[in-house]
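This is the structure I want to talk about, given as structure tokens.
Order as written gives the chain letters A, B and C; numbering starts at 1 within each chain.
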């Protein structure tokens, strides 16, 4: 029988990864639970103040719905008039940059973490996610580490994006494929 | 280079959309958070009383599991002996009508809202969702605005439905396709 | 027109299914809500003590992230150095066995319940789920009843697995298909 090397997660070591001070992360953890994940706070205004206090860049006219889950605000930038929908999950182990006039619909997931499945030690890998202006991420869709959504690209509901999505193009599926162009009249 | 029109969400205007009085919506918002989304209340009975108080039509023998999220009960009708599973999300910006003996499994999403991605103003569009009798919506599946599930159709897990699903037929995928007939012995 | 038999959920009867004493299940229900689903408790240690108290087998070096949802700990076994990620849902109506060095990423769902859609009575059916050592279940993926993930198999993000997944193989899609081999260097 063929011999395979195997993984050993007891050797997993992410000590090189330093996403911010331990106290800042701890305080943010509970703020995120109490004011973001917790839908008892429906106010966008309070959330934007808290995000800015923790280093996020937040533009004018940004809307943040209830139930949102944000890992590290200091790795987040949201430009003017963009919307973060209900139960959106920004798992930004790495920088997430959202342009103007973007819409992240309900339950979308921006995933910046990955693991090297070819290594015994299952090493952590992170990747940035960039949404240029006018991008729409459909409900329950997922963007994987390294995704770049060029201007006005659209990811349909419950689809999975990676790599670079062409501008003014509509994608669907897992992995998502371009299905048509987006023409704005 | 080709010139494209772009979106401007500062011009978004959904003032034509009137889903119910502001106070009613606000009160329901917190009831939904405290008694439906909040799994500390596992009782189906209390939830059915609250839904009826807010205008939902609820038949006999209906079961509503913990963690359910309902947008507007006055736009909801559930007929006899239908089940709303754990963490089901009925995002009914428009009317949702569920027949008798239907099952919505864990984490299913009924999505009634959409946007016109061809417009600079990204206009809100809503669509009703109708489940005839005996329909089964699989775990983590999604029905999009305008979906009509004809009697005893089945949507497999983590699939996406739109348009009209044939009676006594089983669908799977994103977008979901008919994979076989449903024969009840 | 063709005549079809229909379902009648008022005749649904799962009295044969006995997943544990009523009081034990009730107490666990609230512990699960307060200490597992509730992200105010980020500690892995407390969760592992509670799981063991309720009959789970938990190995050394197991990590359990916030937001996890576990149905019945007495039907759960997790071996050494395996990780249960944020918002993972182990809906173990039947036995779930997780080997060593496994990773269940964010939002994964292990689903042990099903219904017989060919029966008027929509009978409950359950199936065990087994993960051998070194398995990785990607973010928002789902394993259906009866799934066996052979050693070091990988299910990509937002995919759906059933049946048996080959060892050292990578799967993607709904239903997931093998896309390549996993070679660990």
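Structural remarks
By our rule, contacts are C-beta pairs under 8 Å (C-beta built on N, C-alpha and C of every residue); 3 or more make two chains touch, one makes a residue touch a chain.
Keep in mind the model is a prediction, meaning the values are calculated, not measured.
For the pair chain A and chain B, the fraction of shared interface numbers is less than half, so the two copies use mostly different residues to meet. The angle needed to superpose chain B on chain C by their Cα atoms is 120 degrees, rounded to the nearest 5. One finds 25 Å separating the Cα centroids of chain A and chain B. Multi-chain contact residues, meaning those touching two or more other chains, occur in chain B at positions 158, 174. Within the complex formed with chain B, the chain A residues making contact are 39-40, 42, 61, 66, 80-83, 86, 101, 103, 106-107, 133-134, 136, 139-140, 151-152, 154, 157-159, 167-168, 170, 172-174, 182-185.
Within the complex, the chain C residues that touch chain B are 4-10, 29-30, 33, 37, 89, 91, 109, 111, 115, 117-120, 122, 142, 144, 158, 160, 174-175.
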